[in-house]
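As written, the chains take the letters A, B and C, and residue 1 is the first residue of each chain.
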Amino acid sequence: MQKYWTVFRVNWQNALQYRGPTFISILGNLLHISVLLYLWNAIYRSGQHLGSYSLSDLITYYILQLMINSMVLSYISWDIVDEIREGTFSNFLVKPLNYLYYWFTINLSGKLFEGLMVLIVGLVMSFILIAHVSLPSQGITLLRFALALVLGGLLAFEFDFAIGILAFWLVKVNSFKYMLQYGMFFLAGALLPLDLFPAQFQAVANALPFRFLVFFPIQIFLEKEPAPMAGFITAGLWVIVLYIILRFGLQRGIKRYEAAGH
Amino acid sequence: MKPPVTEAYATSLSGRWARYLRLYRSFLMHNLKNEMIYRANFAIAVGMDIVFMGVNVVFFAIVYGNVETIGGWTFHQTLILVGSVGVVRELAYLTFRQGFLQLGDYVRTGNFDVMLTAPMATFVHLAFRHVSLTESLGEGLMGLFLVGYGFAHLDAASWISVPLYLLMLFNSLVIYYAFSLTVNSMVFWLVKSQELNTVVYYFMNTARYPREIYHGLGKAFFTFIVPSSLIATTPASILAGRAEGNLVGLSIGVAVVLLCLGLSVWNWSLHYYSSASS
Amino acid sequence: MPAIDVKQLSKSFKTQRKEAGLWGSVKGLIWRESFYKEAVKSVSFSLEEGELVGFLGPNGAGKTTLLKMLSGILYPTAGEVKVLGYTPWERNREYQRQFAIVMGQKNQLWWDLPPAESFLLNRDIYGVDPKAFERNIDEMVSLLDLKDLLDVPVRQLSLGQRMKCELVAALLHQPRVLFLDEPTIGLDVISQEKIRSFIQEYNRLKKTTVLLTSHYMQDVEQLCKRVLVINHGQIVYDGLLDDLSKRYVDHKVIKIRFVEAQSATPPPGLEGVVEWDAHHAVLKVKQKEVAATTHRLLGELPIEDLSVEKVEVEEVIRRIFEEKPGIEPG
């Protein structure tokens, strides 16, 4: 346990060194969100609307998306791919560290750090748009929201780690990875709320676990989720199943890596 | 003193352009040879690009499933917007984009030194060093297809607008370049360029929404500070028959001013390059 | 007009300090103390055209920083430099076409392509006339023995082969001034020797002005008559390599071997004995007493072999660097 705590602290220090770049990347996402808010605003001003959403709901949706992008969504696969491809992964084989737990710790500390920063941005933004923010009506909603964020963060990490260790099998994984990530975020509801999708498409997206990353937590916050409990259980099961798959996959990957003789 | 072996150095403007064109050809050929080595990757990359563009189209298809127009733009007109962004992206990979993506590595390792000692403008050298035909080819092709598809479905399509459309695409490329250059100048302080290029990426990612959605301060912001509202809207308006002379003039003005600004910021920031010894 | 003229050149870097520990990190979030580190302090020297001069100094002494300012890679904090009449950091195209810098730790060749391709690109960048290009390549390829390597991807070359190719790429435009920063670092002895003799030959043939830094004393001893010794950002010696030992070392070493076994104690009154046994002896003798001592030894003892050696340059340099900065040696 102690060693992972140290990893956590060291990565936190490292994140501090790069707080400028982190802030800049939050600003980049903020830029995107602002444009989408203008887009919805233009649509609602012209008397049209999207599904059952009010403009306030949509604005809240995207402010929450901004925060979830920094607090929940994981981007460690870039580094994992680099390590495996460049052979620095070998350093881990000789260390008494579990690669999965190691990256989980790195991701956790990174997400907490970025989360703190984005919280400030999100609060400022909510303050400016206070008249257009839909706040939950009950206190329990916030608790549920927090739980959904934790489950989403776990799943996001597991998916991202899975994409990362694809590099054991695929030589040039980067562009492929890019597509997977983009597709995954789309199906998570990062670009558009899933309930605006056509019915068949919605059925597919609902059956997939990606919705737990973005859409599900936001629906909870907006108190639009019909069955939060069922969602929690499904998400929890996915976390466990993926964990088992990842442990197995990592073992196979390492065997393959060693066989290739790096 | 012995006579220099180098050819007479062109000092006239046309001579300099001719020289840079020759250099561009030379760099492009070298990069193509380089890409040939990894040609297996090529087909995958094109496929990915098409999926990527496809998601953008799906986004608008879903929104247009709920609404008639966005800021006065119909679905088919919007396809020209989305497609134009794809074409500008491919043009950017053909001229400068990849260099900026590598800039952080160059600065961190100190290999940027070479760009400061070779007898070429540093910003041109950086741009040409990694010009790539194939990196974004899928986006370019898909973009062309979308533009063509949207154009074919317009009520009032006019072929006369095509030359001006192409000219304004080029103008958008200049804006894209100038913005990239300005943002990337910060690399000498941050030593990482990944996040800077995330900003540039979002800049292009927000370019596909019609300019008409903005109003007030936002409109000014997305015109002068982060001019993404001009990138696709200006050329696409021309093709879609929605053009106003004002917009064309404004876009050209922004391109010129931003380019001058970008070049001065870049040249000034070179003072802060500390040339790491790896 | 000197080829390189440096006056009172200084460069300081801004660096930041971070307090250790978690609290330090939290504080660092808002504010970090920054201070200036002087890498080069008011350095002046000049080189005539065609000179081959060595730059000596320990790691971090400021050698590389100086070369980078002369190349226009770094801007100075203060001072003036003219190389071939140009101010380097103005990065005048004409200047850039007349000098080259090769850094042993950096790579400008295209990694996945054969070196011939990088040469072609440099030909275009430097606008070298195609005929002159062919001629230069042929000449250097034969000097460096590169014939069979031109079509092999750079990533498959050994470090030594790569360094040779880096040199060719840098010299294609026949620069009048050449800066070499650790050109032999990390190379095996044979490659080092090859590159040394190439530099020597090239300087002799083309009268190129060369300024070279190296960790390896042999590089400097073989190549340079004149050396600049730099320590803590300041030039502490500028002159002939030979004089350097004279100035810093006022003694020589006499080594003798006897014809037959002698008594194990030196004759009385003989000074400077370091070692003395039945077969060998080593003496450390003041410069001006070398003649007298040698004379006495030869007269009194049955000597088979006697040699007078100067102290190794490496030893001399070590002495200089052990001195505190700013103290005038002598």
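In this section, contacts are C-beta pairs under 8 Å (C-beta built on N, C-alpha and C of every residue); 3 or more make two chains touch, one makes a residue touch a chain.
Please read these numbers as outputs of a predicted model, since none were measured by experiment.
The chain occupying the central position, as judged from C-alpha centroids, is B. Compared with subunit B, the chain whose C-alpha mean position is the greatest distance off is C.
One simple way to say how far apart two chains are is to compare their mean CA positions; for subunit B and subunit C this gives 45 Å.
Between the CA-based centres of subunit A and subunit B the separation comes to 29 Å, rounded to the whole angstrom. Separating the CA-averaged centres of subunit A and subunit C is a span of 53 Å.
Touching of two or more other chains is recorded for no residue of subunit B. The residues of subunit C never reach two or more other chains; the list is empty. Those residues of subunit C that touch subunit B in the shared complex are 13, 64, 68, 71-75, 91, 93-94, 96-101, 103, 105-108, 110, 112-113, 117, 120-121, 124-129, 132, 136, 173-174, 207. Listed in rising order, the residues of subunit B touching subunit C in the complex are 2, 4-7, 9, 19, 22-23, 26-27, 30, 33-34, 37, 109-111, 113-114, 116-120, 122, 271, 273-275, 277-278. The touching residues of subunit A, counted against subunit B in their complex, run 18, 20-22, 24-25, 27-29, 31-32, 34-35, 38-39, 41-43, 46, 48-51, 172, 175-176, 178-179, 182-183, 186, 191-192, 196-198. Within the complex formed with subunit A, the subunit B residues making contact are 38, 40-41, 44-45, 48, 51-52, 55, 58-59, 62-63, 65-71, 189-190, 192, 194-196, 198-199, 201-203, 205-206, 209, 212-215, 218, 222, 226, 228.
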